[in-house]
Structure formats: C-alpha cells, structure tokens
Amino acid sequence: MKKRRESKTFGLPPGALVYVGGHKTEKVNINLLQYSNENFDAKTIKEISEYSELPGKNMISWFNIDGLHNIDIIEKTGKTFGINPLVLEDILNTSQRPKYEEHDNFLYFVMKMLDYDLEKGEMTSEQVSLILEGNVLLSFQEYPGDIFEPVRNRIRSSLGRIRRSKGDYLMYTLLDTVVDRYFSILEITGERIEKIEDKLLDDPSREVVQEIYSIKRELLEMRHAVWPLREALNSAKRTDSSYISAEIKPFLNDLYDHIIQVIDTVETYREMVAGMMDLYLSSVSNKMNEVMKVLTIIATLFIPLTFIAGVYGMNFRYMPELDWKWSYPGIWIIMIVIFVILLSWFRRKKWL
Amino acid sequence: MKKRRESKTFGLPPGALVYVGGHKTEKVNINLLQYSNENFDAKTIKEISEYSELPGKNMISWFNIDGLHNIDIIEKTGKTFGINPLVLEDILNTSQRPKYEEHDNFLYFVMKMLDYDLEKGEMTSEQVSLILEGNVLLSFQEYPGDIFEPVRNRIRSSLGRIRRSKGDYLMYTLLDTVVDRYFSILEITGERIEKIEDKLLDDPSREVVQEIYSIKRELLEMRHAVWPLREALNSAKRTDSSYISAEIKPFLNDLYDHIIQVIDTVETYREMVAGMMDLYLSSVSNKMNEVMKVLTIIATLFIPLTFIAGVYGMNFRYMPELDWKWSYPGIWIIMIVIFVILLSWFRRKKWL
Amino acid sequence: MKKRRESKTFGLPPGALVYVGGHKTEKVNINLLQYSNENFDAKTIKEISEYSELPGKNMISWFNIDGLHNIDIIEKTGKTFGINPLVLEDILNTSQRPKYEEHDNFLYFVMKMLDYDLEKGEMTSEQVSLILEGNVLLSFQEYPGDIFEPVRNRIRSSLGRIRRSKGDYLMYTLLDTVVDRYFSILEITGERIEKIEDKLLDDPSREVVQEIYSIKRELLEMRHAVWPLREALNSAKRTDSSYISAEIKPFLNDLYDHIIQVIDTVETYREMVAGMMDLYLSSVSNKMNEVMKVLTIIATLFIPLTFIAGVYGMNFRYMPELDWKWSYPGIWIIMIVIFVILLSWFRRKKWL
Amino acid sequence: MKKRRESKTFGLPPGALVYVGGHKTEKVNINLLQYSNENFDAKTIKEISEYSELPGKNMISWFNIDGLHNIDIIEKTGKTFGINPLVLEDILNTSQRPKYEEHDNFLYFVMKMLDYDLEKGEMTSEQVSLILEGNVLLSFQEYPGDIFEPVRNRIRSSLGRIRRSKGDYLMYTLLDTVVDRYFSILEITGERIEKIEDKLLDDPSREVVQEIYSIKRELLEMRHAVWPLREALNSAKRTDSSYISAEIKPFLNDLYDHIIQVIDTVETYREMVAGMMDLYLSSVSNKMNEVMKVLTIIATLFIPLTFIAGVYGMNFRYMPELDWKWSYPGIWIIMIVIFVILLSWFRRKKWL
Amino acid sequence: MKKRRESKTFGLPPGALVYVGGHKTEKVNINLLQYSNENFDAKTIKEISEYSELPGKNMISWFNIDGLHNIDIIEKTGKTFGINPLVLEDILNTSQRPKYEEHDNFLYFVMKMLDYDLEKGEMTSEQVSLILEGNVLLSFQEYPGDIFEPVRNRIRSSLGRIRRSKGDYLMYTLLDTVVDRYFSILEITGERIEKIEDKLLDDPSREVVQEIYSIKRELLEMRHAVWPLREALNSAKRTDSSYISAEIKPFLNDLYDHIIQVIDTVETYREMVAGMMDLYLSSVSNKMNEVMKVLTIIATLFIPLTFIAGVYGMNFRYMPELDWKWSYPGIWIIMIVIFVILLSWFRRKKWL
C-alpha cells in the first residue's frame, strides 16, 4: 500500500469551507464603514448578522473582514448576503488565482494585495476578496493592517468624488489602490535592479546572484498576480451587469491601462534580470580567467628557473661548470634573460 | 532489408484491442456501487453481463474496473454498454492524451490520475477512463488501489449532496478528486523546491542537480497531464449534451478554475526550477573560482621563494654570497619581504 | 561577375518535372492490388497505361509506384489519371512539406514515412504521396520496401473491415500505418533518452553529447514531419469532398488524436533533451571542479614543504641550524604539523 | 507595523494631477504656431487662456508646451480645451505606455520621443502627448528642445503639402517625425553592433560585455516604446473619427509600415545581440583554455626534469651514479629526451 | 544643446524621393522586353517617356530598371505610369520590408532578391520592386546583373506557357524565380552546416564559432526577407484585383507553399545552429577538462616525489639516513611505490 500525504482540502466535497492559509490573527475584526454624501459612520462590529439591525441601509456600507480562519464568521456572512458556497470556498482558499465573477446577486473580485516589507527586505502577498451587492461592499483580507487607509481618509474627509458616488466606485477605488501599490513595488524593484547593475560591474559577489534570484522570484510572483488580474479587469469593463454603472467604465478602462503598464514593466524587468544573470556569469568567467593568468604567469616564469637551479644543485663529481669562475654570474644572466623573454611574451599575448 | 522494431500495436487494424501498459494485476476486479437517496449497496461482481440481472436499475450504478490487461472483460463491457471499439482502444492505450468525447449514447473522459509515492519519493501516474451513460458510470483504472476512497465514504455516509444528485455529479466528483490530488502533489513539489533552494545556497552538491532534473521531469509529466485536461474540461462545460445537467455547470466551471490554477502553478514551478539550474551553475563556477584562488595564492607565494632557495642550493665553487656572514639571515629577510608583498597584493585584489 | 551555384530546379518553368532526391532504384516498380469484398488480385505491371485494359474496374485499385527518378512513368501516370502538373512536381520534389490538397478530380496527400534503421542506428525518412480518385489509389514512394506490408496482409486475408470498405478507407489505413510507425520510432527514442539519462549520472562522456545532439536532430526532423501533417489531417477531416465518406470521419478524428499525441511526445522529448544538455554541462563542470580540487590539494600540501626542504638545502657557510643536533627531526615535525593543519583546513572546507 | 515606501501618486484619487518625471525646466514655454495656406504666424504665449482672444481661429493652431511640472498651466489648458482629467493625469505620468484614445471632442496620442545623445553616448527618452481638436493641435513635451524643428521649417517655408492640409496632417507629420527618428537611432545601434562584432573577434574585453548589455537595455527600451505604438497606429488608421480625414489614411498606413519595419529591426538586433553574448562567452572560454594550455605545457615539461635534478641533489653517501664519469652528460641527455618526447606528445595533441 | 546624427531621410516630407542604398552604378540601365505569343523584342531605352512612342502596346512590356540612384529617372517613370509618390519612396528605400500593395491603377510587390557570392563566401541581398499595370510590368533593382536571365531565355525561346500568358504570369514567374533562389541558398547553407557538424566533432576551433555566428546572421537575414513575403503572398493569392486572373491563383498557391517550405527550413536550420553552439561550448569544456587532467596528473605524480628528493638534499649535519648503505635504493623504491599508487588511483578515477 502506498503512503500518501493529503492536502488540507483533499477529499472534501466541493463547497466545504477550509481556510488553507497559515496565518491566524487572534481575533477576526469586522469593520463597518457607512457613508453617503452627507453622513459618515465607522464602527467595529462583532457579528455580521447585526447588519440587519443597523440603520442607514440607503448609505454605502463597506464591511472589511480581517482574518479568514474563523470559518463560522465567514459562513454567517455568506448566509446573510446570500453568497454561493463555491465563492466562500474561493475566499478561504488563499492560493486563489485573481479573477472576476458575476453572480446573480453580487459581483466577486479576488486578487493579490502585494506590499513590500522594507524591514525584512522582501515582498509580501495577501489575498483580498471583494464582494459587491449594490451599495454593500464586503472585503476579506488575511491579515489585519492594509493599504486601504488612504481610501478611508478620502471617505472620511470627503476628498474627490468618492462620497458622491455609489458602491461600484468604492470597489473601483479599492482595486485602483491595489494596482497603485504594484507601481510602488515595481519602483523599489527598479532601484534594486539598478543597484545590482552597479555591483555587477564593480564586484560581482555571491550575494549578487542571490539578490538576482530573489528579484526573479518576486517578479514571477508579481506576474502571477498581475496577468490574471488583467483578464479579470477586461471582463469587468465589458460587463453589462447593472452593478457597474456606465460612469465607472472610463475609470475601469484607465485601471486596465495601468495594469497593462504594470505587466509591461514586470516583463521588462524580467528580461533585464535574465540579462544580468548572463552578465554575472561572464564576469565570474572573467575573474577566473584573471586568476588563471596570475597562476600561469608566476608558474611559467619560475618553474624553468627553478629547474636550472636544480640542475646545478646536483652532486655529481664530474660537473665541469661547477668549477668555472664565471659560471655563477653566467647562470644569473641566463636566468634573467629567460625571465625577460617570458615576460615580453606575456606582454605580447596581452596577459600583462 | 532494414531491420525494424514494431510497437505492440503497429500494423493492427483500428479498433483492435491491445493493452499497451506494463502492469498486470493477478485478477481484474469489478466493483459495483449502487446508490440512491435512500439506498446504498456495494458489491464485487465477476461478470459485467451480470448487470442486466441486477436489481436497482433506477439507482446510480458505478462500475469500477481495476486492471486493463484482461481484454475479454473490457470487450464484454463494451458490448454490454454499447461502447464504440475506437473508444475501447483508447481506454486500453494507457499513453492516451487526456480528452473528452461526446458520443451518441455516452460521454467519455480520459485523464491521468497522478499520485506521489512517499516511500520511493517519486510521482506515479495512472490512466483513468470514465464513461457516463445516464445514471451508469464506468471507471477504468490500471492498478488496484486508488484515490477515490473519500468519494466512496461520502456516498456511504451520505455526506454532501452526492446521494441527492445524478450520475453527472458522480462523474464531476471523480474529476474533482483527481484534480484535487494535483494540488497535493504540487504542494509536495513546492516543498521539495524550497528545500533545494536552501541547499543551493548552503552546499550545492551533485545530488541537487539530479533532484532539480527529476522535479523538472515530473513537472513536464504533470504539464502533459494537465494542459489537455483543461481543453477537455472546457469542452465539457460548454457542452449541450443531455447527460450533463445545468446544475452541474457551475461545478464544472469551478473545476475549470482549479485546473487553470494547477497549470499556473506548474508553469511557475517550471520557471523557478529553470532559475535554480542557473543558480546551481553559478555556484559551481564560484566554488571552482575559490579552489583556483587557493591554488594560485599558494603557488604564487611559494614558487618564487623555492626558486631563491634553489639558487643558493647550487654547488658552484665561486659563489661569493655563500661565504658572507649575513647571507643566510639576509635571504630570510628577503623571502619574508617577498611573501608580505605578495600577500598584500592578494589582499588588494580581494582574493583574501 | 558573381559566380553562382544553381539548385536542380532553379530557373525551370513551374510544373517542370525534376526528381530532386538522391536515390535511384534500378527499376521503377509498379504494383497493382485490386480487391473487392469477394475478389483479390495482386500483380506487377509495366505501364500504367495498361490500366485501361485491366478488368475489375469496379474493384478498389491500389497502384504503388516505387522510385521517382523515372520521370517518364510519372508523367504517363499523370496523364492517365488527369493529375495537375503542379501536383506531379510536388510528388517529385522530395523535400515537400506534408500537406493535403483537394482538386476537382482527386485528393492529394503528401507526408513523410519515417522509419528506424536499427543496424545503422539512425532514423530514415522517405516521402510518400497518395492520390485518391474514387476507388483508385495511387501511392508514390522513393525507395522499394515499405511499412505497408501489414496492410497488404490485412487486404489479402480480409482482416478487419478493409475489404468491405471503399478507397477512402484504404487511404486512411495507409495514413494510419504511417502515423503508427511514428509511435514506434518515438518508443525507440524514449528508450535512447532513458539510456542517456543513466549514462549522464554515471559517466558523462563525449559520446553522450553526440548522442544527445543526434536525438535532438531526429526530433527536429520528426517535428518537421508531424506538425504540418496535423494541419493536413485537420483539413481532411473537415472536408466536404465527396471522396471522403461520412463513415470515415470518425477514423480521421481518431487519427488526428494520434497525431496530436505524437506532437505532444515529440515536444516533451525535446524539452527533456534540452534539460539533459544542461545536466551534461553541469556534470562536466563538476568533474572539472573535482580535478581542480585534487590538483589544488596536492600542490597546496607539498609546495610549502618543498620550500622548507629547499631552504635547508642551501649551501651558505653560516647556517647555524645545520649544525644543531635536533634540527633534522625538528624539521620533520614542523613539516608534519603543517601537513596536518592544511589537511584539516581542507576537511573543514569540505574538499576532502 | 510594516514600514512602507509610497510612490508619488499612491493613495491619490484618480484624476489627481501629479508630475512624476524628474525634470523641471525653469519656465514652462508655450509656443503657438498658426498657419493656413496663405498665412503663417509664430509666437510665444504666456497663458493658454489668451487663446480665446487670438485672431485667426480658422487657421491651424499648434500649441507646443515644453515642461510638465507646472501643473497649473496643464490644468488651465485642460479647462480651456475641455480635456478629461484622466487624460491630463496620463499626460503628466511620464511612464505612460504609448497609446491612442478617441474622446468625444478630441483625439489623444501619447508616445516616446527617442533621441541619441552623441556626447554621452546614450539614448534619451522623452514622453510626447498630442491632442487634436479639429484644427487645434496641442503637443506636450517634458524638456525644451525637440526633433520637430524640420516640421516647423517646412511649415514656415511652405514645403510639401503641409500648408495646404488640415490639423490631422500636422498630427501625422509629428508622428512621422518621431518614427523617422527611431530609424536614425537604429542606424546608430546597427553601427555599434558592427563595431562590437569586430572587437569580439579581435580582443574580447570586459568593456565589450558592458557595451553589449547597454545595447540590450536600449533595445529593450525601444521595444517598450515601439510595440504599443504599433497598436495605437493600428487603431488610428482604422478609426472612423471625423477628426481623421480619408486622405490621411494612406499616410497613416505608410507610417504603420514604417513602425513594423522598426519593430522588425529591433527584434533582429535583439537576436544579434543575444548571439553576440554567446560568442563572447565562447571566446572567453577559448582564452581560458589557451591560458590553461600554456600552464600545463610549461608545468608538464619542467616538473619531471626538476624531479630528476632533485634526485641527484640528494646527499646520500652511497650514490654510485654520482661518481661515474659520464653521469652528468648522461643526465642531460635523458632530460633532453624526456623534453622532446613531451613536446612531440603536445604537438600530436594539437596543443602547440 | 545635444548633438544629433540625422539619417538621410530624417525630417523630409513624406513622399520625398531619396535613395538610401550605398551602391551607385555608373549609369542607370532601362531594358525593355516586349512579347506576345507571336512577337518578341528586346531593347535598351534611354528615357522611360519614349514608351508612349513605342509600338506594340498590346504586347506584354517588361521594363527592367537597374540602379536606383538616378532619382530623376525614377520620378519620370512614376509620372509616366501614374505611380503614387509614397510607393516611389518605398522603391528607393532599400531597407524596405517585403510587402504587397494594391493600388487603384497598379499592384506593387517589394521583396529581397538573395544570392550567394561563392567567391566571397557570403550571402548578398538586393531589393527588387515589381509594379504591374495590366500588361506592363516594371521591375526595379539596385545593381545590374540579376537572377532573371532564365526567365528572359524562356521568353525568348518561348519555353513553357509564358508567351501564351498575360502580365500577371510574368510577375508570378519573377516572384517564383526569387523564391527558387532561396532554395539554392538554403542548400548551400545546409552544406555549410553539415561541414561544421563534422568539424565540431573532430576539432572545434575558433573559426567554427565564427562560421556558426555568420550562418546565424545570414539565417536571421533570410528570415527577415521570407516571413513578410509569406504575408504578402497570402494577400496576393486572396486578392480580387482584376490584375490577377483566376488562372494565376493555383500558381500563387504553389508559390505560397514554397515560401512556407523556405520558412520551415530556415527555422529548422536556426534550431540546428543553436544546438551546434551548445555542442561547441560543451566540446570546449571537454577540452579544458582534458588539459586540466594532464596538468593535475603530472603535478600530482611528481610534486610529492620532488619533495622527498628535496628532503634528502638538505644539508643538516646530523641526518642518519644519509650514511646508511641502502638509503639510496630504498628511496628509489619508496618513490616508485608512491608513483604506482597514484597512477592506479588515477586509473580508478578513470582519468587515464
């Protein structure tokens, strides 16, 4: 009988809810932000089912749920808003591919929120799911703390048109914020690439390869996040769902242009990084070549001379040269001549 | 006259039944599982033709046939259920490409059931063919023992909606189980890749290359299994065959998303593995460089000094230095000076 | 004035018949096989124009022409069956790309018949052209001896449905035989690849690279033969020519699946072979590394010791150590200590 | 709490105007060129709002704005001509991808104006945005000084058909000038590639790799500029906007052909540069091989001889050879014989 | 102010005629060939405008213009036959991409006429433009001397159907001749590749890399010439222009097949050449490995022995071994034993 290793979800019926991510916050936070052109309200709620009792249903309501490990909450949310179990399964499966789905009663967007942790010097990735039901927007995140603070500020201080717009504009704003962050990360990546280029020409060390490799991996991950998002946005901007109004379309078009620009940059960086690996290998070869040359020059200069010295160190009784008066200075002259000839040969070969 | 080597099937008329796989179980097992919302029955049958006498024709019947080498049984099965000889040929040809075909009286699905043998540390592959005729499902496997046990359990204990659904849902469930297993295997592959990455930076040995190469091959095989399955699922979810009911379509869509995710991961891993090969080669170059440096430093330090010692080991009668009082300590000083100069030169070159 | 080299066909008007292949059989053989459900007849004929006098016109007639260098015969055949001169030109041009063409009065199929010469250990390629005019099938080959013997046997012994079918089934059977042979060749290639893999890990020699390269070339040639055939079959199976009856379509579909499987395998092998080249290069690097290490260890161990011995081989008159009683054993101890230190340093560096 | 680095535009509402480029001219220049078949006028204006008071509205007006950092001017321009804020944002975002957009009241073209700075020996890139509203054309550039001088001269001296044509022809002329400049740059790149090829065969130095790498990067950048422009032109030439008249279409077709030619050349150069990197690596390997050979020859020739000399330098009391008369010349003969044998062995191995 | 380098055409209005090629024949030759089924006439004319006075307008007239530097002649030709200035610009721009254009009063074909200069051993490329206006065909070439001589002969001696056909057949014949020449060049390339393969296995020298690289470049150039021609032919064979009659279509189809075959071969050769570069690099590595082994064996054999000899060459007064009777032969035995052990160790390592 073969031994097997099962993944967390193997063998479960479809629609069964399991959180596959590793992170568990102590507590799942549900933040509710409600606003209209005139009013604004922010609170933390405990149960999503409190929603039915909340006032201000004609306001725009943004539920932000941090933490996916409490399946009970997710399930209740699903029941309250009538979300398909297959979609709930996708929300919990944090290795989901970015996509956009239209259901009868809601729109569903899932994507990767990338960020750069400057302290650890590495990119972080988190799955964000958005569900839009008219003026109710649900956002699901894996970890507390996000990049949406500026959006909240804009709502709070009524900056731009956000307070005058509907739920679809809020959804667009969140998407836009995620995509904007991609640009920030690409900027950092661009700077890292430039630093590596300088290092490659100065002093190509082992660390450089590791850095190249780590950038390569991050770009691969970005690509993974960005390409499917392009498809998703393309479907969204061509939709005729009533949840996305006509005046949002130009914004989605703009966003689509941005994502294409991100893709372009990612691909360009990928090519540059590939080229840098070649550059590195060629510079390692060059260094090895240089080391070899030093060895060869030294060995080639001294080995013949040592041989000559060895010859006249032999103890044969009948070696006439040993008794000649000018032997010793003569040998020095011969050795110097050999030395000079070899040296000039190396110079002609451009090794010196 | 040229000598030729014929494959097992060469020159046979189309539709001729030959099992091309290598495995032969002692006996071909036919398991029959019959269930409806209320009833459940599992038995092992000897002859597929017994089927006509079996009670419970309005139940869902799942015939599972383990072992393909008994062509007689396959042929009888074909006759009993009216399966096209070309399809039977495909079932036996275990190097079949995954595909989906609609015939007048049945649907035909063939795919690869991948598994990971933890003991041998290698991926195993087995061909599974599914034939759906209304509420009768036939599954053909090469070896006894499969990954469908959880499905049987779900049927037995009436978990999820499986007992309330038709034959198409059963077929979907089996497909889903196969695709779910792909995720488990990718998880294992992901862990192997991470281990290799760590090793590559610590101590790149010959075993690492072999491991990289074997992962490369397994990914190639997975790709081979997964890409055509995507096409097959795409046709299945767009079908208008009456055997696939409308309520199954969302499940097939979900499955299609999963297979795309598998493809994405396979391609990402392939790129990562390709990058790791580069990393390995660069680290071998680095090690060689380091070895060269040690050799060069030692040789460059001592060869000139050995030459000097050789000179004063010569036996010329007229060597004035030999008789000077301070010659010997003087030579030591000269040698130490040369040693120090070379050492600092190496340090300036950053070889030390 | 520039010198030029002209190819055999340069400057000729289109439709001019020139055989560009290298092979010339002594005599062109024309074999005629005639059969219907009841009758069977095989003979060798001298002139294609004899055909008009032959009995059994309502039987299926298969003319097989071995050897293309006798342009006279080809031309007469063309006239007898009303074949377009441009098609005749294609039949003779043995570097033709596989293709399928429908003409008013006939169908034209050209493809590569690949075979594997076990004695020479190399793949052979031959162009086969098929022309189907109702129940008359013409096949043109470059060399005598082919892979169609099993087909002739099946006709002779009335195996399968071939005797009950029309000319289109005969054409399909020949196509199927050619494609089946591709599988045999891929099987051989697969075995060669496995052998190389074993060798690569044991003892990567120069012959392995040549073998890899030769497989690479053969796969390239197969690809050349197979990809266009896929297109050709695709057109054939979608045709609405009256020469291809509806009952042949499933067989063509099946054949199309086979050719896709061939393509898949060819591409997979190509990737594996590419990966093997990397493996080889990395193993050569490893071997070089090992050689370097041996050299470095030996040189590094002995060069300093030789230097010490050299110092005490100098002939200075005033060398106090020379006269001390314990100098000689002391020097041995010093040298052994140095030796052991270096050895343990290498061990720490994991070079030993 | 993670630290973050924000890009200039992160978190801003869409349509917010921020100039992301680095360059700031002291003053933003607005040049206005007005012409018709009979009249011509050129002036520098301070405020775009002066425009409403300017005479000659039925003339063609070309506003050229150098410098994008003065957001106030851009904003006023936008208001005066009714330009969408999202478009204004794109004009300021100088990492924009080339594109073509049709709006209700204007056409928008954004592309990269490449140039080659011969002094610094590097390619420069600048974003140019064109907005066409009937006979009014707005062009936005980042830096003062451009490549449009010949166009201005042609207008001034009424060369060609430009004075007889409408605003769309002016726009086409500017596009054409930008694309023409691409050819000049490719010509320079072609010459640099040829120089590198010569160097690679003569004396492959480290500088060559850097040069190859820098050309690679520039080609990558050109590609980035050129591929999307192709799409943009394709949309433009298929438009049915009333701003682009039918007689301009052949010119746009011609321009499209040119851009395809640019793309072809860029891709060809990219392949050539990739091939050159291989050539470089192979020539470095060759040089290393040559260095190794010299070392090996010298060491192999002298090490055995030095050993022989060492043997007869030993001080054993009982060494009969030392007292023989012909020992010394005999040893010389033996050494010369060994030397000659090794030499001829190297020659047979083709190392000499 | 940046310095710039302008290309010959930069800044000129579209349709301005400039010859960008380098070659200038002393005199531009215009050859006129006129023929019908009965008549044939060939002459050299000075002015294209003489044409209006020439007799035989109902004959087919082929004007062949050698040399593009005399813009005056091109301009007059353009005026005489009503050719669009943009087309004239393309004729003169010899870095034109092959293409096919239909204009109201004529068809325009531009392509590359490749040839192989056997003396210089390199491929030459020349731009050929064809303009067809009913029964008048204009061909423009850069240099005198072309590959069309066989066509002229066929016309002169009324070989094939050319004299019975119209102008479109003449155009097809010229296209066919150009494409046929591609086959000749590919044949030469194929032979060069085979020669390199043999050399690579025998004796991979530096010249081989240069040869590989030069073939690579030529194939790149061919590709550049052939891919767009495929598109052009595709448009031509699908045209419904009245200038191309229905009976020419099968010939164009045939030509299209040929060009696809050329493309296939070019791509195959490109892959083979890429594989050969790998083979070369691996064989250089192998040679280096072999060199290293020789060095290591020699050094490893003699360095320890030389050390031993060095030890007994020391001049310590108290070295008991020096006075023993059997020391000297004993040392020889020890050294021979070490030698043999090392040798057998190398043999076990398969270095010998």
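Every chain is named by a letter (A, B, C, D and E) in the order it is written, and numbering of its residues begins at 1.
The definition used in the following text is that contacts are C-beta pairs under 8 Å (C-beta built on N, C-alpha and C of every residue); 3 or more make two chains touch, one makes a residue touch a chain.
The shown structure was predicted, so the numbers you read here are calculated from the model rather than taken from an experiment.
The fewest steps needed to get from chain A to chain E, moving only between touching chains, is 2.
Considering every other chain in turn, the ones in contact with both chain B and chain E prove to be C.
Interface residue usage between chain B and chain C, two copies of one sequence, is largely distinct: under half of the residue numbers at the contact are used by both copies. Rotation angle relating chain C to chain D: 145°, from a CA superposition, given to the nearest 5.
Centroids built from CA atoms put chain D at 26 Å from chain A.
Contact of a single residue of chain C with at least two other chains is seen at positions 281, 285, 288, 292, 295, 299, 303, 306, 310, 313-315, 319. Chain contact topology: the protein chains form a single closed ring, every chain touching exactly two others.
The chains touch one another in a closed ring; read from chain D in the direction of chain E, their sequence is D, E, C, B, A. Residues of chain B that touch chain A in their complex: 115-119, 124, 145, 147, 149-151, 154, 159-162, 173, 176-177, 180-181, 183-184, 187-188, 201, 250-251, 254, 257, 260-261, 264-265, 268, 271-272, 275, 278-279, 281-283, 285-286, 288-289, 292-293, 295-296, 299-300, 303-304, 306-307, 310-311, 313-319, 350-351.
Per the touch definition, chain B reaches chain C in the complex via residues 1-7, 9-16, 84, 86, 90, 95-97, 99, 203, 206, 209-210, 213, 216-217, 220, 224, 228, 277, 280-281, 284-285, 287-288, 291-292, 294-295, 298-299, 302-303, 305-306, 309-310, 312-315, 319, 321-325, 327-328, 331.
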